[in-house]
Amino acid sequence: MTTANKYVPFPSRIEKVIRHTQIEYTFRMHFDQAEEKVKPGQFFEISMPKYGEAPISVSGIGKDSIDFTIRRVGVVTNEIFEHYEGQSLLIRGPYGNGFDFNDYNGSELIVVAGGTGVSPVRGVIDYYAHHPEKVDGITAIVGFKSPDDMLFRDDLAYWKEHIDFRMTVDSAKGREGYREGFVTAVVPELTPKDLANTKAIVVGPPPMMRFTIAGLIKLGIPEENIWLSQERKMCCGLGKCGHCKIGNTYVCLDGPVFPYLKSKTMVD
Amino acid sequence: MDMNTKELKKNAFRVTKVRGVTSSRVRVPGGLLKAEYLGKIQKIAETYGNGTVNLTARQGFEIPGIPFEKIPEVNQALQEIIDGTGVNQTGKERGEGYPASGTRNVSACVGNRVCPYACYDTTALAQKIEKVIFPNDLHVKVVLTGCPNDCQKVRMGDIGIMGMTEPQFDPDRCVSCGACIKACRSKSVDALTSVRFRPERDSYKCIGCGECINACPDLAWTRSQKKYFRVTLLGRTGKKNPRMGVDFIKWADEDSIIQIIKNTYEYTRHYINPDSPGGKEHIGYIVDRTGTEEFLRWALKDVHLPDIAEVYTPLNWNGVEYAHNKYFGNQRYHENGTIVTDFSK
Amino acid sequence: MGYIADTSQFEKLFSYWKEEYEIWAPRRFQGGGRFSDTDAVRYARVDSPSEIEFEEKSAYSWKETVFPPSETLFYFSQNHVEEAEAPAKKRLVFLRSCDLAAVRRMDQIYLKNGDPDYYYARKRDGLAFVLIGCPHTCENGFCVSMGTNASDNYDMSVDVTDGAYYIDCPQEDWSRKLEELGAAPAEHKPSRVTENKVSVRIPDNLTYEVGKSTMWNQYDKRCINCGRCNFVCPTCTCFTMQDMYYDADGKVGERRRVQASCMVDGYTDVAGGASYRKKNGQRMRFKTLHKVLDFRERFGYQMCVGCGRCDDICPEYISFSHIINHLEEGMKEAQADDNSK
């Protein structure tokens, strides 16, 4: 029996480092035929020097590139990520199911994301922002802690121009032009045309997802029309390490994107 | 009534406050005896004593309320207990009771026959030491405890023996759970730090307690095959200068300890004040007189310590100096907390 | 074919094996136990039959033969990865029926849940099994309840009585070798346990709802989340990755995986700082339901093999079989709560 070694990562060149905030950066990395091979919502295991391997969602997909949005934590807090440009990182993937556009094509789509939860859905919002004809309208609600914590500013600007885009900040820190509050406060204001044909994607911290989904259901969106993405510790991405198991489900193999109907039966 | 009190005491009977009444002191080396001997002690107490038994501080029994005239019968009755507790009777005929009482009962905590923390069989070593040092009239207290928790309070004895183990680490069995580091920090001396996912042991700090070993879920830490000991010296209670024994050797082995104990007896015999009351003098006072260097010269003769052993130097004792009151008796604490001197005295 | 071999014949068979295999078996480590003057019995390489502990159940399971506590996967620099060397020899493992049943569980996760695991597979390929018969039950095992008390998928079985090795040997090459060595032919089936001191019943109606029962709360305090139960378990497969750097920049080093425990802190921690099961009682519920519910839902048979090692080793005397036997009551309580709402 010959078994491929799925644990061995491959070097991938960092083509560009984009700084979003004091601690959050996007690395644009080379990946051949990314558009054909990678879906939004999937993740890679990225080897960060001094930190180790971590599962990171794909936050953008180019022709031959993939984006990873990374937060400096722990020992790499003082690392100057800009210096990484031109260097390589060891990566492996893609893993997980990702979002299936077939689930959303033709329907009215609501995407609600909080903080780094924007990363996995950025590709979905971006796709429909550029292909508005594929859906019967798209609304994106995005929340950040403060104006300083905003990610993907260029994208946010584009979305504001082209789709129904709403943003909240927990605190505007005294600055004008921001809506203070949580994304959950925006949900009741939505007026979908046809509830049965309205679909929703929710990604963010667990309490945010719980309250947002409750709001969407209250709005009348059928439970079976809601999807979400789960973040769990994952050391392999291959159904072995066990950290991401919830009940009989392995998030790395069966997710991380789950229909809400499935997700609500999963008890950590 | 005529009674040679010197002989009485040497025979392990006490001069009590009641004239003509004594109590019998039963040795239990290592503090462990077969339960059947409790029945025999009970019988002596009920037949010859007042029906009560005292549990002594050094793990013996004291049977009070025995009239002097019953001493021969009590000694006859003690014979089975003397045999059963493995006490040497050199110098006495069978049925004549204990041959000495100066060297106190060798006491020990329950040790590794029972306790998960203990690093050796305290009972066995106590009994072995008893065989080496008893009978002897010199007033020596040897105390054994299984681990640095020191439940037996070895620092109150002349020779304190505290069990240690040298933790052995197998990195291939370590899963970096952190239990050893946590245990060492919270229960011991914080000698472990996490270095690249593995615990690193500061051997200078480590006291060999074995908490890391007990905490390790995967046997990455195990005990050294060789057993080690911390030896503490010359702790004492008493009316002059009670003090805690100080560290003498860290990572000593059993053979060295036995040699050191033998040497200490030699030294004491040589230097004891011949006029000491009752022929008893705490070794510590003798050392105060001869100087520590002279004591060490005797104590370490023919001792071959293991390579790992560390001998502490210098040895410094302190403790309560009751005797100072004689010279500074005119000082007292004022109720406002300051020291005041009363020059009228 | 069955045989009775004497010590010298068995030693010769052992030497014959050693040409092809590295042999792993329960081995007694004198003074190697956790407490002073106690031994440890655990799996290790053995060089002669005399090193095998045939009597006492190994405190740690067979799994270390293929899934060691810590294993280097590869060495890396910024642009280069070099796999750690594979073991030079195939492995032969002496194990009891519970552990042989556990091999199937381990295979399930490592070979059949998603893509096969390279590092597991390379040790698993060519692994040969010698079953140690169990003439009597161990203290805490409940193999009869779990249906793991009998196994027939071994290459050879052996019962050792008074220096005689009673053998059943379906493996034909070994049979020929035994005949060549002059072992006396005699039918023999490995002894097995037919009754344990402990039995368990997993309720048929068990669901995740049992998580709502108060039965787990006692473990918030009783359990010290040390993970011993997981590390000794022959079916626990979890691991955590570690990068051990050789340089200050963190670009050159080796990647290891170490056994992980769902009871130990950090198991569910994610980069953002969230942690999914903080209470020890909830960790206990998670572990229990993996062993007797969700594995079965996913793969069709129970994970727990009833070896009882988790009971043997728990310093807080938490009994896993006791927990299993309380699930029925737990379900009743959880469902009564539901109905009252």
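Each chain carries a letter (A, B and C) given by its place in the written order, and its residues are counted from 1.
In the analysis below, a residue touches a chain if its C-beta (ideal position, glycine included) is under 8 Å from a C-beta of that chain, and two chains touch if they have at least 3 such contacts.
The structure displayed is predicted, hence computed values, not measured ones.
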Next item on the list: Touching both subunit A and subunit B: give me those chains, sorted by label.
Entry: C
Note to self: When contacts are scored as defined above, which chain pair ends up with more C-beta pairs, B-C or A-C?
What the structure shows: A-C
Next item on the list: With centres defined as the mean of C-alpha atoms, identify the chain lying farthest from subunit A.
Entry: B
Margin query: Can you compute the centre-to-centre distance for subunit A and subunit B, using the mean CA position of each chain? Integer Å is fine.
Written below: 68
Checklist line | Between subunit C and subunit B, distance of the C-alpha-averaged centres to the nearest whole Å | finding: 46
Next item on the list: Could you put a whole-Å number on the gap between the CA centroids of subunit A and subunit C?
Entry: 38
Notebook entry, point to check: When you check subunit B against every other chain, which residues touch at least two of them?
Noted result: none
Item checked: Multi-partner residues of subunit C (at least 2 other chains) -> 240, 242, 245, 260
Next item on the list: Enumerate the contact residues on subunit C facing subunit A in the complex.
Entry: 73-74, 76, 78-81, 83, 109-110, 113-122, 125, 208, 211, 237-243, 245, 249-251, 255, 257, 260, 262, 267-272, 274, 276-277, 286, 289-290, 293-295, 297-298
Next item on the list: Enumerate the contact residues on subunit C facing subunit B in the complex.
Entry: 29, 31-37, 40, 42, 60, 68-70, 226-228, 231, 240, 242, 244-245, 256, 258-261, 264-265
Notebook entry, point to check: Across the complex, what residues on subunit A touch subunit C?
Noted result: 1, 3-11, 47, 49-54, 71, 73, 75, 87-88, 90, 116, 205-206, 231-233, 235-236, 238-243, 245, 247-248, 250, 252-253, 265, 267-268
Check: For the complex, which residues does subunit B have touching subunit C?
Finding: 112, 116, 118-121, 146, 163, 165, 171-179, 196-197, 210, 213-220, 222-223, 225, 227
